[in-house]
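Shared between the two complexes below is chain A, which has chain B as its partner in the first and chain C in the second.
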Partner chain A sequence: MIWVETLINGALLGGLYGLLGIGLALVFGVMRVVNIAHGEFMVLSAFCAVLLSNLFPQVSPLLMLIPVIALSFAVGWLYQAAIVNRVVTSPDPLSPLLLTFGVSVILRNVMVEMFGADVRSLQVGELSRASLEVGGLNIGIMPLLTLVLAALLFMALQLVLRHTEFGRIVRATADRRDIVRLSGVKPDRVYNYVMGLSLALGAIGGVLLAVRSSFTPFSGAERLLIAFEVVVLGGLGSFWGALLGGIALGMAQLIGLKIDPNAGLLYAHLLFFIMLLIRPSGLVSSRV
Partner chain B sequence: MPTRTILLGCVIVLVAVIAGAPFVLNEGFLRLATECLLLLTMAQMWNLLAGYAGLVSLGHQVFIAFGAYALFLTSGWLEVTPIWVLPVAPLVAGAVAAIIAFPLFRLRDAYFSIAMWVFAEIIGAFTMKSQAVGGTSGMPLATSKLIDFDWFEPTMFWLAGGLTLVTIAALYKMMTSSFGLGLMSVRDNDLAAMSVGVDVRHNRFVAFVLSAAGCGLAGALSFMGNLFIAPLAAFDVNWSVYMMFIVIIGGIGTLEGPILGVIIFFGLRELMTGPLGLSGGWYLVGLGIIAVVVMIVAPRGIWPALRDRLGVRLLDVHRAAPRPAAATILPGASERVTG
Partner chain C sequence: MAPLLRVSGLCKRFGEIVVADNVSFALARGECLGVIGPNGAGKSSLLNLIVGLLTADGGSIMLDDKEITGLPPHQRARMGLGRAFQIPQPFPHLSVYENALVAASYGAGLYGEAASDWTMQVLQRTGLDGKADKLAGALPLIDRKRLEFAKALASKPKLILLDEIAAGLTEPEVERLVAVIKSVKADHAMIWIEHIPHALRAVSDRILVLDFGRKVLEGPPAEVMDSAVVREIYMGLKADGVA
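Let's look at the complex of A and B:
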């Protein structure tokens, strides 16, 4: 029974991991850039939420998500416009990788200097301890809500990309950046919105993860690695795959923690590495 | 005067400077110089992989750690002075690279980079769990009592200096050989290189193993100088950050670039943490800003930009293209699925 509970909790954690991955997947799908600074931006949004909830202690920290999401969107827009767009068309596929890695180092150390290296977390009071009892199993309300929210966001993103004009423009830009210009689309501007959307999604994941577990300015690297593993495990470009990948990683992590309490993310990393060996195309293998 | 004579002259002068330096410099300065030289070697090794083979590794610290741990463990088992077991470090790091190359070489570009990082995290986590290598608290160099401390700092400096010179000479020789030409052709266009018979996988494999072995040796020397090793220091992602920043700022894909990069790296560090009194975090911020600005303004780095302006050629292994390279073909639209 304890194992069933572990598996269910792993799946719930997986919803959150899927949220970490989806922003990275979006940017990669549209502009073929792996934004290495994604993890640092998530930690930054968590710091913003902590600062805001210290400023307004009477407001529920979860409501702080709204200003943090808006702020993250603006930051992403500016980040893309000021920095990433300059290398996005570079013939060398390594330029964006190196550039975003440089940005991640800057952000991490600015956060260390500004907020200190202490361990922080976002307190939401009763909600984080509340749980539901279903057939003898204890299931946390907060993780359940997170999974539902993740599934809703995935669906919303899918709908937006499939059925709105913005979605069509984004998909067209992803396919042929040179040809959309003929229809009056400015690819760089589309990229700005996509990066904003990506960091807004990352902010949701970052803040919810800060509720679940503590963080430091150095947590960005581990969040990036989870996000990346989610995307690769799920199969590139597949959003539902990312959710599945997240669930697989969440289960691996919690089973690992049951066997070995101080394992941290070791078993999630191992699952990723083994999957790379046997199925490099991901769980949900789409077209090659 | 032909280039060969000038280079030979430079080598003789450098050997003389390195041999004599410990008698002139004080101990603190000597330690700094040793650190510079070791980091220069690591940066050259990272550059061999990124600048010439086109593989960016964000997990190169794992080879530094493998080399260092191999030295500490072997020296402890055999109970001999650590200097005599130094060859173990590159052998172990190279062997590990040869093994993990098989799964990792299926991945390209960013996937390779991050998979290397994950690999380093996994090995780091196992090291922290393993009590045989000291777990999280690390372990001291068991045979440090066999070291002659009167000559320790000078010996470290000579070893580091020798390693740096040999590394640069070997890289120069390699890059002017047909192997180097093959490697650079793979970096510039692997499809075209394959079509003229360059064995892409083999070239990448050799560069990867050599790069790992060099980092292993430099890492072993670095931790030998500390007489102590702990997993948090050995598996620190900052090793990769330093190597990358040095190469990017100085000039990726050139032999002179990392030299210039190391000078800027240590110059800025001594300036910011010394007279300006700033912390290590702000130093990394400053270095990161320089790297990002360089990547945007001069994507090939400072040295190539300077070289073109001044017309100076030192260790040039560049070959002129017979005609401008064809525009890159846009990747097929069918792979881009976002929904």
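Let's look at the complex of A and C:
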């Protein structure tokens, strides 16, 4: 029974991990760029949520998600327009990698400067401890809400990409960014919105992770690592794959912790490593 | 009345290779200009210079009396240029309908129902209406060629640029495609690169011959096709040789 509970909790944690990965998957799928600074942007959004909930202690910290999402979208738009678009068409795949790596280093240090290196977390009070008893199983309300939210967001993203004007242009640009210009589309502008969307999704993951576990300005690297593993496990550029990848990682992590309480993320990383060896194309191999 | 397109002194080189050497010509509204020349003569490059996929080293391109030489491709597309590629370049993960709809929305600036109505009209004209929901990446060659034409047409261009759209097709397929091209000719000016002489003769008002990036001849189709210059450089035959 205790193992069933572990698996369920792992799956719930996986919803959160999927949220960390989906923004990265979106940007990679559309512009073939790995945004190394994705983790730092997630941490930045968590700091924003902490800052806002300190300013307005009477408002639930979870409601702070709304302004933080909007802010992250704007930051992503500007980040793409001012920085990433300079290298997105570079024939050398190293250029965007190095540039976004540079941004991640700068962001990390700016956050230390602004917020100090102290450990923070986002307090949501009773909600973080509340749980459901189902057939003798103990399931946390907050992780359950997170997984439901993640699944809803994945579905919404799928719908937007499949059935809206915006989604059509994003898919066309992802397919052929050179050719889409001849139909009157400016790829750079499409990318701005995609990066905005990516960081907005990252912000949701970043804030919810800050509720679950504490963070410092240096937490970005670990978040990026999880996001990256989620994306690769799921199959590069595949959204539902990212959710599956997240769930697999979450389960591996919690099973590992059951066996060895000091393991941390070791077993999740091991799963990633083994999967990379036996199925390098990921669980679901398809594109946007 | 000013010509729709005026190309003057257009130059472009890649190192030693000259793809456009002081090329000048003009095109009136509703006119179809055929372009012929041997492989590597700079035909496709000429179209790429006009739509902005290549930037000219010198010279100017005027569309509707507006200078477009330095503009990016998406702006030129919105100003009324549509290009169909020799090797079809669809968005493979979009349906046929969506492929054309992108051009209708952004190239022609249509919204909502107007955009979808126009897209369906274009698909009907190009014989793709039965395949609207198919993924573009899964189409056979003839339909990918049609889709190239449909995408160009959907952006409501003033000028359509066709690059060997009939190449690689069987004779009946060529005839069907030529019929479609003829049917839209009344409303659009066209520049059409083609290696199939009878197809060009059937539609063009004028033919321009390129060789090593230079314009070597320009005139009425019959005259150009039968000229010694064309037989020598294009057909690879000596002027006095046996045809």
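By our rule, the second predicted complex is superposed on the first by the 284 of 288 C-alpha atoms of A that agree within 3 Å, B and C clash if a C-alpha of one lies under 4 Å from a C-alpha of the other, contacts with A are read in each partner's own complex, and residues count from 1 in each chain.
Note that in this section contacts are C-beta pairs under 8 Å (C-beta built on N, C-alpha and C of every residue); 3 or more make two chains touch, one makes a residue touch a chain.
Only a predicted model underlies this, so the values are computations on that prediction, with no experimental measurement involved.
**Q** Let's test your reading of the overlay: on chain A, do chain B and chain C clash or fit side by side?
**A** Chain B and chain C fit side by side in the superposed model.
**Q** Tell me the contact category for A:Ile169 with respect to chain B and chain C: first, second, both or neither.
**A** second
**Q** Is A:Leu7 touching the first partner chain B, the second partner chain C, both, or neither of them?
**A** Touch status of A:Leu7: no partner.
**Q** Contacts for A:Leu182 in the overlay, against chain B (first) and chain C (second): which applies, first, second, both or neither?
**A** second
**Q** What's your read, chain B or chain C touching more residues of chain A?
**A** B
**Q** If you stack the two complexes on chain A, which partner ends up touching A:His269: first (chain B), second (chain C), both, or neither?
**A** first
**Q** Touching A:Leu149, do we find chain B (first), chain C (second), both, or neither?
**A** The answer is neither, since A:Leu149 touches no partner chain.
**Q** So after superposition, what is the minimum Cα distance from chain B to chain C, given in Å?
**A** 6
**Q** Quick check on the output: what are the common chain A residues between the chain B footprint and the chain C footprint?
**A** After superposing on chain A, chain A residues 171, 174-176, 178, 287 contact both chain B and chain C.
**Q** Using the touch definition from the top, list the residues of chain C that touch chain A in their complex.
**A** 51-53, 72-74, 77-78, 81-83, 85, 89, 91-94, 98-99, 101-103, 105-109, 151, 154-155
**Q** Would you tell me which residues of chain B are touching chain A in their complex?
**A** Listed in rising order, the residues are 50, 54, 56, 58, 103, 106-107, 109-111, 113-115, 117-119, 121-122, 125-126, 129, 237, 241, 244-245, 248, 279, 281-282, 284-285, 287-289, 291-292, 295-296, 299, 328, 330-331, 333-339.
**Q** In the complex of these two chains, what residues of chain A are touching chain C?
**A** 165, 168-169, 171-172, 174-176, 178-186, 287-288
**Q** Could you list, by residue number, the parts of chain A that touch chain B in their complex?
**A** 26, 29-30, 32, 34, 36, 83, 86-87, 90-95, 97-99, 101-103, 105-106, 109-110, 112-113, 158, 161-162, 167, 170-171, 174-178, 221, 225, 228-229, 232, 237-239, 260, 262-266, 269-270, 272-273, 276-277, 280, 286-287
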